[in-house]
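Going in written order, the chains are labelled A, B and C, and every chain counts its residues from 1.
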Amino acid sequence: MFRVFYCVLARDITLAMRRRTDVLTTLFFFVIVVSLFPLGVGSEREQLRLLGPGVVWVAALLASMLALERLFAADYDDGTLEQLLLTGQPLAVLVLGKVVAHWLLTGLPLVLIAPLVAMQYHLSPPAIWVMMAALAIGTPVLSLIGAIGAALTLGLRGGGILLSLLILPLYVPVLVYGAGAVSVSAIDIADTEPYLSLLSAFLLGASLLAPLAAAAALRISLE
Amino acid sequence: MLDVTDLACRRGERDLFSGLGFQLPARTLLHVRGRNGSGKTSLLRVLCGLLRPDAGSIRWRGENIRELAEDYHRDLLYFGHLNGLKADLTGLENLRIASTLDQAPVDEDAIIEALARIGLEGFEDLPTRMLSQGQKKRVALARLILSKAPLWILDEPFTALDVDAVEFLQQLISAQVADGGSVVLTTHQEVPLTRGAIQRLTLGETVDDLDAATPAAH
Amino acid sequence: MNWFKLASPAAFYPFAGRLIPRFGLAALVLVLIGFDWGFFLTSDQLGGSNPQKEYYRIIFVHVPAAWMSMWLYLVLAAWSAIGLVFNTRLSFMMAKAVAPTGAIFTFLALWTGALWGRPSWGTYWDWDPRLTSELLLFFLYIGYIALHSAIDDTRRADRAAALLAIVGLVMVPVIFLSINCPDPTQCASLHQRSDPGSIHLSILIPMLSMTLGFWAYSFAAVFARLRTIILTREADSAWAREVIAQEART
């Protein structure tokens, strides 16, 4: 079972490496959205420090969601998705492989670039570390939940907009605790622990349930 | 081996077929015919388990394919309208991934040999998007050479192929049937078999012009 | 009466048709009682000497609507689950028929919440946890309806939207938790917490009457919508044609 998981993972990463622009677009989308806010709300340092956590998380939500639209779409168009459904492997494992690949390509870069955008908002070094930790735990949850929506909206007209309508409300808990952790770290770094534990619990729950739901959604969409 | 009883399928508001039943033993080829839109592709997708029938059951070796789920898919090779190739991967990579996912990994030499047999020697390392339509189809059909699945379900496998490739595919299908496998296919071509039986099934005909010898649906 | 027989759309259609007027009448009576009692009979001096402001009477609409909005989402998800598990067509139609009514009650709860907020908090919208929860619930309803109407193939639409409703139901406790307790170590709410036993009878009775009225309305509205859905989907069956021909004659 691990072999097929790894096979799908390696396949998707190879494919992305042959079309690197897709990965970079998500990353730059994130950077641009984050950079636009100070232009809109003014560049006063204290205000930016307050807004920073929320803005970065909302931008991460949007970036992750934009990239999700392509999670299954390419495979759907060329018929490989149909083949994946007929491989004789548990579909949930294959879905998990695809989601992990997707996160490595779109989520992990956001985590790595977070210190850079955090500096635009004058966040303190401890807060930056907390933000990276929260993003590292939280963005996989976004990919996992989003996979369900991507599977449900497969091949539909205006799938992207619809996807955001379905999925963004479900992202709220990650947003609340992800941004909350960063805000609290300004007061006392020890206070962030319950936030990060809750996010980890979400990650655990999502990685168990979301692949199953996404697999069921794929079967429905491919009928 | 494949036992279909009382199958019915609706797409949208239209009844495609109902009360369809047949048995497909080993060493048999089932040739599904019918006009465009008569439900050939839907029937094949139902037989694969991709599409849920509105009524009836499909049994593979005596067990319902819904319950067998992945075990059934392991015995099955489906070839649909889309080639199922990633355009950015080479023929070699495509086939290697397909065989790994089918849990019958084959080594690189076997894949190169299969590609050579289907007339793509020297094209192994080209991304499939650089190949012509017919060549892409050949890459996809190389899965048949590598496959050990006893049941093949092929939807219009002959389209876009040239004369040589058609002949080669006919040989492959004959060999599969002769080796004790079963094949379900839709095509407008005749498939000469060296050994084994051919069944014909015609979809979308009225009772009047029903060929008495065919196990047909209405 | 054989209840299983009602699982077939053909049997359910006339059954629902007979029930609609009864539920409609019950809804009218119960809502009128609720209004009359709550707006005119319930005094503004309750529990103590501290008089309530007149606008508090909005709770007779706001609270039952909020109850209904949550309960109907549960109903929506339950029918969806039954449909997915037992593959019964009527369950999916039921779920589809419930969704708009649920969305309307959610909207009503939000609207009355805003009307309450203006005089009491000085703003139409405050990020009060329960109102925010209600807003998120509204988004879930909208998502269900949008997904269902975006898919042309009815079977895929039914099953995909059903799955979404169940995913939504699983997420609802987590979403509500995160909204009510943005700080995981302490939860707070602008709403006062009160246990049902301590609610004054002359508040409780009109509120219950209103809730039952909303229930009856939901039944009537859902059945009416369901009949339309059944007729549309069964349009080429013999019995549906008969019904349509009959309607055309009268």
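FYI, a contact is a pair of C-beta atoms (placed from the backbone, for glycine too) under 8 Å apart; a residue touches a chain by one contact, two chains touch by 3 or more.
Keep in mind it's a predicted model, so treat the numbers as computed, not measured.
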item	value
Furthest chain, CA centroid comparison against chain B	C
Chain nearest the overall Cα centroid	A
Contact-richer chain pair [A-C vs B-C]	A-C
Where chain A and chain B are represented by their mean Cα positions, the distance between them in whole Å	38
Between chain A and chain C, centroid-to-centroid distance (C-alpha), Å	33
Distance between the centres, which are taken as Cα means, of chain C and chain B, whole angstrom	48
Residues of chain A touching at least two other chains	223
Multi-chain contact residues (two or more partners), chain C	153
Multi-partner residues of chain B (each touching 2 or more other chains)	none
Complex contact set, residues of chain C against chain A	136, 139-140, 142-143, 146-147, 150-151, 153, 155-156, 159-160, 163-164, 166-168, 170-171, 174-175, 177-179, 182-185
Chain C-facing residues of chain A, complex	145, 148, 152-153, 156-158, 162, 165-166, 168-170, 172-173, 176-177, 180, 184, 194-195, 198, 202, 209, 213, 216-217, 220-221, 223
Residue numbers on chain B that touch chain A, as the complex places them	48-52, 70-76, 78, 80-89, 93, 97-98, 100-103, 127
Chain B partner contacts - residues on chain A that touch it in the complex	3-4, 7-8, 11, 14-15, 18-19, 77-80, 82-90, 94, 222-223
Chain B-facing residues of chain C, complex	152-154, 235-236
